[in-house]
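Same chain, two partners: chain A is paired with chain B first, then with chain C.
What follows is the complex of A and B.
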């Protein structure tokens, strides 16, 4: 690799490559600029628009005046939307509950997901090659299922009268049947029962994705390192903690960040299974944004919440990068 | 350099051609004489098989009579409908004629998004002669008329009843209720338990609309008012409001005709659990009977009038219901109003719409001569006696927020035993007025 790169630094070849590099640049520009423009129009501009709206009392049902419907009936209110988040009003109370719910959901989903997927990946990786594919396919199947279908299916399982779970509980008789998704008084260790029920359904659907990533990462760890550890007398436990885990750190970071991002942005499963209830115990931030923007016509307020969500995700991602940083590769 | 320049030009050429061909509406312009001759209107509604069929049939009649007007009818799933209208309005790309819920209309009209009904189409005075007050006033904002109603949306005063459960429990059928206490007594006989768990609710009104409309009706029937003196703020922390909340709490905790943990808007809503046989009497608008007759054709049920909660006569607040409005951005206002009037302002169009959607007419004449309508939707008859007692709900600032985020959750919590009646009333009052203040 090093030998190939050396001539490129030479003067004579430099002339030849200048044309090539211009061609490359043209190709790269041609490939990237459309994508960049696409991202600008459909990601960056909406983000900028949301940032602007956060400082207005904006509703799309009011025409407003001047540029882009801002001003007039949609007045500039500075930081009022952000200040209102600390007020004693119903929207502020729901917003604060949504923040707590979102953190609760993410902080429970992330470790549970890792606790299931990492050991499971090691187990799947340890079985015979012929069976690996079968296991991977079975575990990955829920991930490619429609989130709405999964939510409806789990809704049936949790149904208080005709649900499978209560039927089993009734049969076994250890604990009484429950209203899994609708009882506001059922709270365990500070976590509402409805939240626990949704987390179970969400992890069931989502864990296959991380599992496949971990399996791929495990396959990338050089076998020689395990062999050397074996020669040095390491047992399976030592191998996992001293070899596998450190070498999985970049993958772990990737999985943590992705799982956290998707958990912070969760919406469909809550919308279908609980609609945010009971008593807003399962209203996540994204649902709060959706309801305020499109149901209650408070788009300015919804935009302010979305900026808060953006900042939260950015901060937590930065912390994760810092905690799980690595300076080396293998 | 030349190659780079060529690369850039290629990229922009591709982009420009892609943009030019996108959107479906950017094709080659029609010849000028064709554009001048034919006017194309767009009509939007939400997706509902009966509503779509009704609109299509009326449009077919309209275009047959007006060959120079083409109507492109587009509809959207209910949950995306408001979203679509709002985003399209912001882009000034909404349809010319929009099927809009009356209670939402003033928000859009006050925001400058809707066109006022021209006097030569209909004045408010003429409209008062034609329509019931409750549906009409949803379209009357700041002294101006902004649309023509088609539906009297009635969520009050009627219930679905399941004759099989009446028979099973030896309860007289059809119901002979003289007071609301009679209804509750019958419902208690029909409530079924398995251990502690309620399997069949005798009576339920535990939905976002059911609880909220019961709350407002209870206040009115007790002689109270829910608007404060300024007509903008609310007065929900009153003896009348507390009495109504207490009545609903009693359904759950004293009478035990409904378990609000198991029967609510999320789990076992009335419109579902009634038709699966898990509810004997379900308090819901007559629209549910229309839907039920289509989706559960084999189930035998009726829609009956229920007695007032308090006092001798019905008083209730009603939503305005669906009707037709015209966008302020339409390029063809005369044709758009012609279509809107044909669909919602003339008897033929309105009758077709009400028959096919099985909804209560907003037009008085259709209730006065109901033979054709009742042949298609006999259950509507139970509501006819109620219609004169309805008043429009009024400018409640943000109806959905008030109902689904403030009134319903607070009363549901009280019914579930998570809060007291007094605290629920205080909470509703505080939050509802804070909502008004925030929107001032």
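What follows is the complex of A and C.
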């Protein structure tokens, strides 16, 4: 049988450089050319366009000259948008707050998330298979829920008088803060209370995802290694730090990057729970882009902010690749 | 990569190793896991309970946990509100979700097939471009994407939610990974029988992609169903809102009627919870398998 097919195409299609039959080229180009043109139109073009917009003072309500609506009343202003980020104006201050908020959010979410999900994964992995599945299914439940619904649910949980959280806190004898989401003066260790509240809700929604990935990674660790550690007299603590952790390193890195990337892009939960308030204390970068572009129609400035977000995300991704590379060499 | 992770998942089915542990340690583990379960479920329970209370009971201080008078009045109010024909919004969400998922599955598997099974000039460059595209966050390109939509006249239409996202770079990547592991023999046999390339894709490759297509499909469905930012920008007409948009609108309109907003949240959460209960095993494994978020 194999011999029969040989004269037709040489060897296997996938392994030869020039083994295309007549109909194949037509099929490939017929499928890929529209697909690639589509991708260029709906993702490459917007990317380039966003980059260009950042150098213009552009608003969609003003008519421009050229085909992208640039020029004329939407003039080229060079680096002015980027310079304005360091100025002493109100939009610049709000932008800088958004940068700080986004970093504060990400740098708090990441360690808290890991501190919860990694030990929890070890615990879930240690129980009987049947229960393991049940716990995993329950813990994953919030991640599939609509972020809008989650934000509304938690908004009510944080309600100062009628909310569940304050009722519980009072029950156990803790005096709760007078307003979780609206008091601009409630700041703990430099972190606004509203920010803390949103972070708690966000982690509640998001932790199941990392948990499931960690559980899968733990299942991939050969049982023999744990047995060997056991024979050598290692206790659970040593076993975790000396065997589990080093083997989890690639997963840990993967999870870190994904968690950071999605935290940098956070929007919905802030929009619905706090709408950026109080006093812009919980405005993240994406909300800043959204407001400037679609509420204030100031798209050039918003595009410049989106470039800052892009640079941050690229930097995180680059660090990831660099770390992964050193890991492989090892 | 995919194979490695699949093996890891297969392992979970084999009976787990039972290690000798002290009873105290065991109960501690269960105590923590049960506490975690309570924390995970409590907000849902509280939301459902609140939606079953009367409006006057909700504003009582301190709040009651269980309703004193169980009532479904809040749900009746929502169902009978002429301003929110729920069937309409449900249909909007469903239409967008099915179109986007269906088209994405087709484009992902077709492109994945081509990148996995053919060698042609420029293949590596094109695939690298697709990989690079995965890294561009939507929030960075949403302004020009909106301007393109304006030029196409698709603003404030449901098609405006579908047409810009008919190709998913991650989907192509995922499908290529799976299709690469499909042996070529069947394809070769079909070629000898004179089958065209599209027939090979449609009759031979596609039927073998059940599991990855289901995983990608379920995740895309949930992502589209819960999508908020893009619909928020694109849709302005009330009747064209999708469910998450309707929910925020309703929340703003009835901000102080927590019985109503909680009931509305339950109604939006319910369909996806049903999907989750049916496909739970697939979904959780799919996450572990693909790292999809």
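We adopt the following convention: the second predicted complex is superposed on the first by the 270 of 330 C-alpha atoms of A that agree within 3 Å, B and C clash if a C-alpha of one lies under 4 Å from a C-alpha of the other, contacts with A are read in each partner's own complex, and residues count from 1 in each chain.
The rule we apply is simple: a contact is a pair of C-beta atoms (placed from the backbone, for glycine too) under 8 Å apart; a residue touches a chain by one contact, two chains touch by 3 or more.
Everything quoted here is computed from the prediction, not taken from an experiment.
Undergrad: So in the superposed three-chain picture, is A:182 touching just chain B, just chain C, both, or none of them (first/second/both/neither)?
TA: first
Undergrad: Could you say whether A:314 touches chain B, chain C, both of them, or neither, answering first, second, both or neither?
TA: Only chain C is touched by A:314; chain B is not.
Undergrad: Using the touch definition from the top, say if A:76 reaches chain B (first), chain C (second), both or neither.
TA: A:76 sits against neither chain B nor chain C.
Undergrad: With both complexes overlaid on chain A, does A:27 touch chain B (first), chain C (second), both or neither?
TA: After superposition on chain A, A:27 lies in contact with both partners, chain B and chain C.
Undergrad: Which chain, chain B or chain C, ends up touching more residues of chain A in the combined arrangement?
TA: Partner with more touched residues of chain A: C.
Undergrad: Once chain A of both complexes is superposed, is A:297 in touch with chain B (first), chain C (second), both, or neither?
TA: Once the two structures are laid over each other on A, A:297 reaches chain B alone.
Undergrad: In the superposed arrangement, does A:161 touch chain B (first), chain C (second), both or neither?
TA: After superposing on A, A:161 lies in contact with both chain B and chain C.
Undergrad: What is the contact status of A:86 with respect to chain B (first) and chain C (second): first, second, both, or neither?
TA: The answer is neither, since A:86 touches no partner chain.
Undergrad: In the superposed arrangement, which partner chain does A:60 touch: chain B (first), chain C (second), both, or neither?
TA: Once the two structures are laid over each other on A, A:60 reaches both partners.
Undergrad: Have a look at where A:241 lands relative to chain B and chain C in the superposition and call it first, second, both or neither.
TA: After superposing on A, A:241 lies clear of both chain B and chain C.
Undergrad: Kindly list the residues of chain A that each of chain B and chain C touches, one partner per complex.
TA: 23, 25, 27, 60, 69, 159, 161, 294
Undergrad: Show which residues of chain C lie in contact with chain A when the two form their complex.
TA: Residue positions touching the partner: 4-5, 7-9, 11-12, 15-17, 19, 21, 29-30, 32-33, 36-37, 39-44, 46-47, 50, 58-63, 65, 107, 110-111, 114, 116-120, 126, 129-130, 133, 135-148, 150, 164-167, 169, 184, 187-189, 191-192, 196-198, 222, 225-226, 228-229, 232-233, 243-244, 247-248, 251, 258, 261-262, 265, 268-269, 272-273, 275-276, 280-281, 283-284, 287-289, 291, 293.
Undergrad: Would you mind writing out the residues of chain B in touch with chain A in their complex?
TA: 1, 3-4, 6-8, 10-11, 14-15, 82-83, 86-87, 89-90, 107-108, 110-113, 196-197, 199, 261-262, 264-268, 278, 328, 398, 400-401, 404-406, 409, 412-413, 416-418, 431, 434-435, 438
Undergrad: Per the contact definition, I'd like the list of chain A residues that touch chain C in the complex.
TA: For chain A paired with chain C, touching residues are 1, 4-5, 8-9, 12-21, 23-25, 27-28, 31-32, 35-36, 38-39, 41-47, 49-50, 53, 60, 68-69, 120, 123-124, 126-129, 132-133, 135-142, 144-150, 152-154, 156-157, 159, 161-164, 167, 170, 204, 208-209, 212-213, 215-217, 219-220, 223, 226, 230, 254, 258, 261-262, 264-265, 267-268, 271-272, 286, 289-290, 293-294, 299, 302-303, 306-307, 309-310, 313-314, 317.
Undergrad: For the complex, give me every residue of chain A touching chain B.
TA: 22-23, 25-27, 29-30, 33-34, 37, 59-63, 69, 73, 84, 88-91, 94, 159-161, 176-177, 179, 181-185, 274-275, 277-280, 291, 294-297
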